[in-house]
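Consider the two complexes below, in which subunit A is the common component and subunit B and subunit C are the respective partners.
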Partner chain A sequence: MTAYVVRRLWQMIPTIAGVILLIFFLFNWIGGDPAQVLAGKISNPEQIANIRKQLGVDQPVWYQLWVFVQQVFTFDFGRSWSTNEEVSRILLTRVGPTLTIMIPVLIIETCLAVLFAIMVAYVRGTITDRAIMIVCTVAMSISFLVYIIVFQWLFGFILGWFPVQGWSESFWKNLFTYAPLPIMLAVFVGLAPQLRLYRSFFLDEINQDYVRTARAKGVPEKKVMLKHVLRNAMIPILTNIGISLPGVFVGSFLLEVFFSIPGLGREIITAVNRSDFPVIKAVTVYLAVLTMIINLLVDVLYKFVDPRVSFK
Partner chain B sequence: MILLTSRALKLSAFLAAVVIGLAPAAYAQQKVLRFAFRTAETGFDPQRIDDRYSVGVCENLFEGLLTYDYLARPVKLVPLVAESIPTPEEGGTRYTFRIRPGIYFAQDAAFKGQKRELTARDMEYALKRFRDYRNRSPYEWLFENKIVGLDEWAKKSRDSGKVDYDAKVAGMEVRDRYTISFKLKEPDFNFLYVLAMPNVVPVAREVIEAYGQDTMGHPVGTGPFVLKEWVRRSKIVLERNPDHRGYELETRYADTTDEWDRRAMESLRGKRLPLLDRVEIYPIEDEQPRFLAFLNKEHDIMDETPFAFIHQVVMPSGKLMPALAKQGIQVFRELQPELTYFPFNTNLTAEGRPNPVGGYTPDRIALRRALALAYDIDGEIDIVRKGQAIPAQTPVAPGVVGYDPGFHSTANNHDPAKAKALLDMFGYVDRDGDGLRDLPDGAPLTVRLKYDAGSAEKRQLAELYVKSLADVGVRMEAQGVQFADLLKDKKVSNYMMATSAWIADYPDAQNFLQLLYGPNTGQSNEAEFKLPEYDRLYEKSQAIPDSPERNAIYREMDRLMLAYAPWRLGVHRVFNHLQYPWVKGYKKHPILYTNFKYLDIDVAAQRAGTRQ
Partner chain C sequence: MSAVLTNPPSPPLQESPGLWALAWRRLRQDGVGIASLVVVVFFLLLMAASYTGLVAKDWSKEKGVSYANPSFMAGSENLEARAMAQKEAATRPPPVDLSDIDPLAPRYKEWEERAAKIAVTETKRAETLAFGGDKWGRDVLQKVIKGSEVSIFVGLTAALLATLIGTLLGASAGYFGGWVNDFLEWFYNIFTSIPYILLILAFAAVASASGKFGKGILPIVLILSLTGWTGIYRLIRAEYIKHGNREYVKAAQAIGASNWSRMFVHILPNVSHVALVQLSQHTVQFIKAEVILSFLGFGVPVDMVSWGTMLAEAQNELVIGKWWQLFAAGAAMAILVTAFSLLTDSLRDALDPKLK
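== the complex of A and B ==
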């Protein structure tokens, strides 16, 4: 296993190199000139040149790329070009609110989706199954934005069950006062596609020979579903969770904007709008590294879920 | 011993309960104003910011030499930390201020426990900071080519890489502890307006040096409030500066027939300001949560009601909807000192090819005027602005000195028939039978419009312009580009037509008319409009103080602009500001954004109202 992990870690280096190159050239070619945004309403070429010099964007491309590489390996991305705040501080202070929303969303959504999917798969082909699938399809066809607008208006304003928006310094107040509505919303929106997907994983397993054999041997249906089917369906489910995990650390831009959550998603969009390259660079690299590490962890987890998997 | 411990525990528990119980009670007794910004702030170092939200916060933390009277309309300058408004000397090139002794900065660790008095050196230091190249001040232009010796000081700093704040600048003469005299290169009768801007304020050098790169988060001024808490882009909390000397409402310029003035005077007269204990500001970028948070009474004021919800707030007559009026909500309708417009690139080439809308020959001017007449400005006001705007008649916005509400022109009306006639007259007709007009030489006529792709409003305007021109047979291609690219393209003349807007930095027509001054090409003159007659009038107006003579010059410049059509004028937007009845003393100021020092809260009414 150690050799496998080391090999995978080595493989990360070319991936990070690719990410660095992609981000660097995308920003330089289509990212817009940050000096123009920072220069204010009236500026002359001399001032623009001064700003470009201070930001280092007047340097040759290879030198800027080298600085970027150094930043990646020292984890020091300097300061935000628009607010002068340290990028590391931005990441540290924004990731908390994002996780306060996204971790409960991931846990609740996964538990509910697995539970409902196994139930629906169990009654496959019935009216209940078809009705649930139709509801899921309709729910998936509606834009996330519409859900946000309706939920916020209905539960926040008309019913008054939750605050319309807001965030505080207290983790518990956030979790129990401000986060429930966005969490409920995200779970509601995410549940339909997950349920459909997981149902298909369960159906694949239900039709396998080992299930038929178990039934033929008289194993109770509950045990067949929970012990055999669920365990075997966990591999694609884990893969799916692994794919969605990096998103947990970035958050949902729409949720964060609509509910005034000072999270990373909102920060990224602001950084893009303001051509704030240090923040964009840091978030992208952080996300890429996170994705690779999570993928590695998921691959290692396969071994424990399914003994047939071997590290080669 | 055990008994003693038990008693101690009980006593501690009792004290804790009292403290916990008292803390919310104390908060409940406080006068707290809750308010939302439409856009996130950037920081509170006054010389490093230009967005109105950050500046709006600084307005309460710092004090400049001058400010504006709260109630006077049109706006009127009044002294703030200066003893009086100086009379221009030496033909409008010298202004001498005496700062009132006994004004102190808010307490800060940088002062090492000492009270720190405001002096003339702090003002000198602040103005130099605008020109310190390391600060990248977005308002550097205010002090460019302005004060004698300052350009040289800035150049020397930039060239040597060493900024010497102790070096003398001939045009900033600190005569004694409280007196500073500015010598300008040219007469400038608007210089006092510049000194009344909320970020042209003195700062303490030791604070700036103590916080180094983090000055955005450590504002220390002499203002009525201090920054208590700042969660960037999420929450800004100001608290009353306990050491502030206090103000009284000046009612000398109030209009007693104006209900807002009357109400403000009733609420504030004779009281020591500021009255608020705490102000909580929440940046909320999206419109729905901002609107609902106000309706939910989570906020006390809603500044600039989003256009999307305007029909739920005001009737077409401008009156508040009965459901809101029943709750005692008040609406302040404000025609802001701002302007939207579409500049034409007046150069003969644009985007690397011949530019049919550029030039000063009759056929080119006629084309620009026809394109202006073809634009459906009424559609923009009805559809895009939901009726909350008026068409601009001149390049000058309402609420500023030199604006003439009686000036009307037909040059920017929506008149497709006139546009067609003008195009026909100058040979812009369909020559190849494709249904679209061509240039007089037979080449196809295509007008290209660049707009900020990140703005839904700008996209709507671009679509409206494309449709308007199609109605008169002119092909227009609208191209959405990144905001930064649009700024750059407009500065380097890489566009044919574009979307633009300008909001007054200070309340004088000159702030708008400079946008067409020839030498400002490459900076604020996006149209690259170069008309010697206009430039001559502009220069002449600069040397004259506010007077009927100067206003007549401004009118003449307006007429030249309308005749040569370097812009298609847009609109002046109307904003609706809402307040609950427990907010006292409210009156929106056209230049100052927040004015928390003049507001009060009826705590009992607020508590009763938010419980409902």
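== the complex of A and C ==
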């Protein structure tokens, strides 16, 4: 196993190099002269030259690339172009609120989706099953924006059950006062596609031979579903959760924008709006690395869930 | 009785139906598939009609009062319109008689006569519009048609471009293998290791700061297609690996078909159904993404209307009880996306009967 992990880590190097190159190419080459972006419309050549010198864009391209590589490995992306806050500080302080929303979402959503999916799979082929699938398809086609606008208006503005938006310093207050509505929204919206997906995982297992064997030897249907089918279907479900894990760190940027949650997602949107390249570059590179590491962890976890998997 | 015995006519050579004919036959039997196809075609026709100016040509004309009620709610009060009218009346300065001191006073009469000759048509702003009006009194129904045109056009062209990129790269990687495959796989890994949303936003940041992605809707089309080709690439690559060693390709090689010809004349028609399903699926995905990006202000430019920009306006309207724009844009999008998703499923079933 150690050999496997080492090899996987080794294989990450070209990909990380590629991500660095892509980001560098995108922002430093296509992105245009940052001095022009920063100085705005009213600027004289002197100012522009000054900013260029400050940012190091008057240096040759290979030198700029070298600086960028150094930044990535020293976790020092300098300061934000618009607020002058240190980029590393921005990232560290914004992750908390995002996780406060996204971890409960992940847990609640997965539990509910698995529960409902196994129930729907149990009554597969009936009218109930078809009706639920149609409702899911329609629910999935309504824009996330519409859900947010309506939910925020209904529960925050009309009914007044939750604050319309806001965030505080206290973790518990955030979790129990400001987070419930965004969490509920994300769970509600995420449920339909997951339910559909997990149902198909269960149905794949139900048609397997071992299920038929279990039924043939007289195991009650409920036990077949909960013991035999559920355990095997957990493998693709875990894969799916693994795929969605990196997204937990980006958060749902729309929710963060609407509910003014000072998370990473909103920070990225603000950075895009202000052309704050250092922030976007840092977030992109680190999340790419994080994604690769999470993927590796999920693959290793596999081994423990499914003994048939062998590390090649 | 003498009958001339003739050989029974040899049965006409039965032409076996091709993939597309078979798929069409299967699709026709699929009620849901046909119904969704009708809806999708209707939207496409609407898009064409709106583009050529047959419908919704004057969507930007301010025809009604501010937030005009929908016709079916004609009776309900419209506080916003009244407030607007009052404000307008208040800002108009009261007439002041200057004729004592104004040296041009003798000419007042002449001017009045002249002014009377010019026909001024005071456009009366309608109190109600078919499906209500927006803040500036524009007809929401026409706006949603125009918005559909932009949203669907962006989704379709971006999906076409992404399919083109994905197919070209996937075909090269799958067909040639070797270092071409290694390189393209590396490229693919880079794109997929960055969370998709982040990738889109990074491209959007560069596009909006540099302006090098063109003007109008071109940036959003490029952003979506340059980031969205990876899934298509992967599938097409797998198909090409599968087909590359088949006998018909070997036969084509034997009669001297070039690599290019084998890739795109011989193999491509056999994998094009995969590309078609992907095209359909990505259109839906890109329409959804366009709505969100336009809402955030990274999508279509401000002088255009799309479902996303309509929803952005609708956010504030809902609080004052003007729900129609939200409903119109949300419903139009939901109907199209539902139909398109169902059509994609039906297409997949029709094109690949083994799947079921």
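As a convention for this text, the second predicted complex is superposed on the first by the 305 of 312 C-alpha atoms of A that agree within 3 Å, B and C clash if a C-alpha of one lies under 4 Å from a C-alpha of the other, contacts with A are read in each partner's own complex, and residues count from 1 in each chain.
Going forward, a residue touches a chain if its C-beta (ideal position, glycine included) is under 8 Å from a C-beta of that chain, and two chains touch if they have at least 3 such contacts.
Every value quoted in this text rests on a predicted model; they were computed, and no experiment measured them.
Novice: Contact-wise, after the overlay, does A:Leu145 reach subunit B, subunit C, both or neither (first, second, both, neither)?
Specialist: A:Leu145: touches subunit C, not subunit B.
Novice: Return first, second, both or neither, reflecting whether A:Val305 touches subunit B, subunit C, both chains, or no partner chain.
Specialist: In the superposition, A:Val305 touches no partner, neither subunit B nor subunit C.
Novice: Looking at A:Trp153 after the superposition, I want to know if it touches subunit B, subunit C, both of them or none. Which is it: first, second, both, neither?
Specialist: Touch status of A:Trp153: both partners.
Novice: I'd like to know which partner A:Met292 touches here: subunit B for first, subunit C for second, both or neither.
Specialist: The second partner, subunit C, only.
Novice: Looking at the overlay, does A:Val257 come into contact with subunit B only (first), subunit C only (second), both, or neither?
Specialist: both
Novice: Of all the subunit A residues, which ones make contact with subunit B and with subunit C?
Specialist: The answer is residues 30-32, 37, 149, 153, 157, 257, 273, 275 of subunit A.
Novice: Under the touch definition given earlier, write down the residues of subunit A that touch subunit C in their complex.
Specialist: 14-15, 18-19, 21-23, 26-27, 30-32, 37, 137-138, 140-146, 149-150, 153, 157, 246-247, 250, 253-254, 257, 268-269, 271-273, 275, 277, 280, 283-284, 287-288, 291-292
Novice: Taking the complex as given, what residues does subunit A use to touch subunit B?
Specialist: 30-34, 36-45, 47, 50-51, 54, 79, 82-85, 90, 93, 149, 152-153, 156-157, 160, 163-167, 169, 257-262, 266-267, 270, 273, 275
Novice: Which subunit B residues qualify as touching subunit A in the complex?
Specialist: Interface residues on subunit B, with respect to subunit A: 40, 42-43, 48, 50, 133-134, 136-141, 144, 158, 213-217, 229, 231-235, 282-286, 288-289, 292-293, 295-296, 298, 454, 482-485, 487-488, 491, 502, 505, 520, 522-524.
Novice: Per the contact definition, I'd like the list of subunit C residues that touch subunit A in the complex.
Specialist: 186-187, 189-191, 193-195, 197-199, 201-206, 208-212, 288, 291-292, 295-298, 307-308, 311, 314-315, 318-319, 326, 330, 333-335, 337-338, 341-342
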